[in-house]
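These notes open a run of structures that come right after.
In the two complexes that follow, subunit A is the common piece, with subunit B as its partner first and subunit C second.
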Partner chain A sequence: MLAVLMLFALPTVLPQRAIATVTQMQIAALFALAFNILWRQTRLLSFGHAVFFGIGMFATVHAMRAATGGAALLPMPLLPLFGLMAGLALGVIVGFFATARTGTYFAMITLAFAEIIHQLAPQWEGMFGGESGLSAMRTPWAGLSFGSDTEVYYLVLTWSLAAILAIHYFTQTPLGRLAFALGDNEQRVRFLGYNARLSKTLVFIVSAMFTGLAGGLLAVANENVDHSIFRASLSGQVVIHTFIGGAGLFFGPVIGAAALTLLSSMAADVTRLWILYQGLLFVVVVMYLPQGIVGLIADHLALGRWRQLQALLPPILAGLAGVTLISAGTIFLAELLAALAADPFARQAAGGIVSVRLWGATWDSAAPATWLPPLYSIAGGMVLLHLAARWRRHAQLSPEQQATDG
Partner chain B sequence: MGNSRVDFVIVSLLNGISYGLLLFMVSAGLTLIFGMMGVLNFAHGSFYMLGAYFGYTLARYASFWVALAIAPLAVALIGGFIERYMLRRAHRHGHAHELLLTFGLFFIFEELVKLFYGFYPVEYRMPAALEFTAFSVSGIDYPFFRLFIAGVAVAMFMAIFLLLRFTRAGLIIRAAVHRPEMVEALGHNVPLVFLAVFALGAGMAGLAGTVTGAFYPTSPTMAQELGMIIFVVVVVGGLGSIEGALVASLLIGIFSSFAVGLDWTLADLGKPFGLHPWLAGLGGLLTVRLSTMASVVPFVLMLIILLIRPAGLMGEKA
Partner chain C sequence: MMTGEPVLAVREVHKSFGQVEVIRGANLVVNAGERHALIGPNGAGKSTLFNIISGLFAPSHGQIVFQGKRIDALTPERINRLGLARSFQITSLFPRLSAFENLRIAAMPNLGVRFSVLRRLDQHEKVNARAQALLDAVRLGGRRDTPAGELAYSEQRTLEIALTLASDPTVILLDEPTSGMSRQEAAHVIELIKRVAADRTLLIVEHDMDVVFQLCDRISVLVYGKVIASGSPEDIRTNTAVREAYLGSLAA
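For the complex of A and B:
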């Protein structure tokens, strides 16, 4: 509740540029949440979800263009509903075929559909606008001109909150509970008499529907779209957002997507290696933190009282310090390597040894003082993490906590 | 007139076969890995790309022949490291996590290549000794290097075939592909087999990259471009089946090669019935040429196979 109030109050304290970023964060969060309906509940991994996002975006842009031309079917704030319906329609088609198989085959079917649509979209110029894409304009409604970022922010916020509530409600419905069961043990669900294929398709449609809605919101925010929205890397991005955040929790993808979108917009100006860092973080989370970062925090919060957390303070602090050291060392090394690799001619001219300017200081590529600090930092960080893990295991927990402890 | 059509067929056939053999070199490893471990290695295209880039670096400092010998080994080592220290840890959390891990690795490799070599293609050229024309077809010179690529692929296929069919290690590998638990129960070191197959598959993809990178552009997007199509090959051919991968690669290679040069459209189907003008008038999908749709057809084929016969053309029925 407090979080909702804070979100509504946000535009009063933030500069204009930041408001637009928070709007993007919300849309990414909704996209990830809709994607996770499939994974958290039915354990279906879709690698082609960008097509629903994209089709929702295109449908809404078409609706906005129609509205500007005078043929408005719905008031301007309700136009993302076209995105929702487009996602639903495409979800019926893809879902029907994809749910014929499970596991890796399911993922490959979604991948195939996504590639087909991605390749066909540039050819269908009437629908997808060819190379330059389609653009539209937000039309005024009920006295609001929707010209400012703030008004768009509130529109997107209202829709996002409504969608989050709707998705949460969905998890409580019989179909939603059935979806969890399907993810758990599909064969048992079938033996209980349910039509597993139909149920999976319905859940798929729900997921595609809300993804289309997210796309519609982005259409309203950006006012244009082109066929690159169907690209595989967007499908991949939502997977990364979801799992770094924590795919096992309802809010994991939301926080993961929001945080990564924010970091992305902040980091893109500072370093061109941001995608590398994101990939490294993703791989580390998949290997060592299957519950995601939010999952890790949630596990600690679930331990309840402050007194109990005190026992865990050493490992938590050591863990945080270790992570910080490893990150700092890795980033330093990567940026150093990138700076060195960027100018091979200077390197050749200088006989292989070159000085690099990074963060206001000059680093000599041949000096050990350049390479040793980051290496030590990474090594030290790993030692700290190892200690943190060992202290965690030996921490004095009360019996009731040991029961709740993962 | 007729002469040019025959030339088109010959050139397309040759190009198709050489492209198909390239696809085979990369997907042979993938199909073994998928068949054996159930892991769809998203990073397999990355191994191909790494082979090309390592080949580029080695060829610059030594020679193409050194690159040909060393680069695939380097990629195989990387593959072995990934299997031993990364995949096995992710395996504990389930199949999906292995998939996610290879997916993350694909991203990382692409970014690492961009970091070290830049965003643009690098100048990886074939050695001057191999840069000659094999023969001429209707005025078009057919480069020898294409035949060289095909030759390497065929040699690799023979080597793998002989290894799998006539050696004891090959027997164990084949058994582990189909029945890993049983093979382990019989006392063999199955984790070592997994490691060996993964490294071998990576090395084959790396070899393909080292050889082809000298002919085709070597750029950071190599992995993504090839990565999708080898999934199609593996699915269509059948998981775990080397022969299936060969058939599927040639099929897709020849089809892609022919389709790019043909301007048929769906509306043409109406020609014998006199319906062509009407169908062409409807526009939209009916008038899209085969040459532009060529890239989509393999995926439609993959979809059909996944839905009707997931075992693929030559895989065993699950």
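For the complex of A and C:
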């Protein structure tokens, strides 16, 4: 509740540029949440969700263009509904085929569909606008011009909150509960009298529908779209957002997508290696934090009692310090390597050496001594993390256990 | 229901997996209201025959007739909706859902609730009432909100049986309901089966002869994919072919 109020108050305190970023965060959050309907509940991993997002964008852009041409089918704020409808329609088709299989084969079918549309889209000028894509303009409605980022922000916020509530409601409905049952034990669902494939297709359609809505919101925010929206990397992006946040929790994807969208927008000015860092984070989370970052935080909040948390606080802080040292060292190392691997022209222009600006200083990537601080930092961080883990285990034991533990 | 008329018939059923013929012309008649046991040595094909009757596999040859209707080409969900429900030897639940929720999922189809998204499941009174009644009937009321995956093994086996009953079936197939249980737990489950299956037809695969003789009024013996005898417990006890093929091998 407080978070919702804060979201409504945010534009009054944020600079213009940041408002647009928060809008993008909300759209990414809805995209990830819609994707995760399939994974969290039904254990179906889609590698092609960019098609539903993209088709939602194109449908909405077409509706916006029609509105500019005088053929307003719906009031401007309702145009994202075209994205929802397009996602639903494409969800029926892809869902029908994909749900014939489960597991890896399901993922392959969704990937294949996405790639087919990605390849075909540039050929179909009228629908997808060819190489240059399609542009549209937001039209005024009921005294609102939708000309400023703030107005777009409130439009997207309203839709996102409504969609999050609707998706949460869905998890409580008979089909939503059945979706969990399907994820747990599809065979038993069949022997209880359900057509399992139809059930899975319906869940798929719900996911595709909300994904299309998220695309529709981005169309309104960006006012243009091109066929590259169907790229596999966007389908991968939503998987990464979801799993880093925590795929097992309702709000995991929301937090994951919002946080990573914010970080990526902040990192854009600072480094060209953001994708690498995001990938490393993904690997670490998948290996060590199956419940994601939100899961990790939720576990600690569930410790509940302040006294218990207090006892654990020092090792937790030590662990965080270790993680920070490893991260800093890794970033330092990666930036130095990237500088060394920079193209020859850049190196020549710099007189044979390429320096790296990091932590407020300039470092010569060709000098061996420069490589020592990041390596020390990583090694120190690992030792600290290891010690913190042991410390934490010890602190978690009750006094009696500690006594018998010797 | 009239006792005595055949409700389920297996006619000359064969089933091969590749070169191996597991079921070799099995015949079996289950009459309405019976508590019928299917026994036989390991590898006789009892579970395979269960899987064929319940629709997991189609037979290679032969017919399965349920209430006068052939069901051997139907999917498991169609067979279930006709009123034939089964349990599994290896517990087959929804581990993330609570005991109550497992039963709600099981009770929904028969009450006409499947894919609704307009109301929350909590608001579907009939489904909730049915699930609660089942939970109480199998005495799991105290474990209502425990995830099925966290229930004790014997509680999971009990829930397994309750799921089978949820669609209010005419015929129940139970595949080794007491497997892996202690004597005491098994006795509880037998008492439970007697109580909840009172007005239904029961076909049960069971290894424990004590259970079979306590629970069932008719026994069929499956050996190497064929039913070699079918009759009352007394008939089976004294049947020489059965003694040779089955009880004899146990004695030896």
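What we mean here is this: the second predicted complex is superposed on the first by the 369 of 406 C-alpha atoms of A that agree within 3 Å, B and C clash if a C-alpha of one lies under 4 Å from a C-alpha of the other, contacts with A are read in each partner's own complex, and residues count from 1 in each chain.
The rule we apply is simple: contacts are C-beta pairs under 8 Å (C-beta built on N, C-alpha and C of every residue); 3 or more make two chains touch, one makes a residue touch a chain.
Just so you know, these numbers come straight off a predicted model, no measurement behind them.
S.K.: Please determine, from the superposition on subunit A, whether subunit B and subunit C clash or fit.
M.R.: They fit side by side.
S.K.: In the overlay of the two complexes, what angle sits at the CA centre of subunit A between those of subunit B and subunit C, given in steps of 10 degrees?
M.R.: Once the structures are overlaid on A, subunit A sees subunit B and subunit C at 80 degrees.
S.K.: Please indicate which partner A:Val283 is in contact with in the superposed arrangement: first for subunit B, second for subunit C, both, or neither.
M.R.: After superposition on chain A, A:Val283 lies in contact with subunit B alone.
S.K.: In the superposed arrangement, does A:Leu111 touch subunit B (first), subunit C (second), both or neither?
M.R.: A:Leu111 contacts subunit B only, not subunit C.
S.K.: Please indicate which partner A:Leu309 is in contact with in the superposed arrangement: first for subunit B, second for subunit C, both, or neither.
M.R.: neither
S.K.: First (subunit B), second (subunit C), both or neither: which does A:Leu74 touch?
M.R.: neither
S.K.: Applying the document's definition of touch, where does A:Gly183 land relative to subunit B and subunit C: first, second, both, or neither?
M.R.: Once the two structures are laid over each other on A, A:Gly183 reaches subunit C alone.
S.K.: For A:Leu336, is the partner it touches subunit B (first), subunit C (second), both, or none of the two (neither)?
M.R.: neither
S.K.: Touching A:Ala389, do we find subunit B (first), subunit C (second), both, or neither?
M.R.: Touch status of A:Ala389: no partner.
S.K.: Using only CA atoms and the superposition described at the top, report the least gap between subunit B and subunit C in Å.
M.R.: Nearest C-alpha pair, subunit B versus subunit C: 11 Å apart.
S.K.: Can you list the subunit C residues touching subunit A in their complex?
M.R.: Contacts found on subunit C: 54, 75-77, 80-81, 85-86, 88, 92-97, 101-102, 104-106, 108-110, 113-122, 124, 127, 163, 166-167.
S.K.: Quick one: which bits of subunit A touch subunit C in the complex? Just the residue numbers, please.
M.R.: So the residues of subunit A in touch with subunit C come to 169-170, 172-178, 180-181, 183-185, 187-196, 198-199, 202, 206.
S.K.: Report the residues of subunit A in contact with subunit B in the complex, numbered from low to high.
M.R.: It comes out as residues 43, 45, 47, 97, 100-101, 103-105, 107-109, 111-113, 115-116, 119-120, 123-124, 126, 232, 236, 239-240, 243, 273, 275-276, 278-280, 282-283, 286-288, 290, 334, 337-338, 341-342.
S.K.: Using the touch definition up top, name the residues of subunit B that touch subunit A in the complex.
M.R.: The contact residues of subunit B facing subunit A are 38, 40, 86, 89-90, 93, 95-97, 99-101, 103-105, 107-108, 111-112, 115-118, 224, 228, 231-232, 235, 284-285, 288, 292-293, 295-296, 299-300, 302-303, 306-307, 310.
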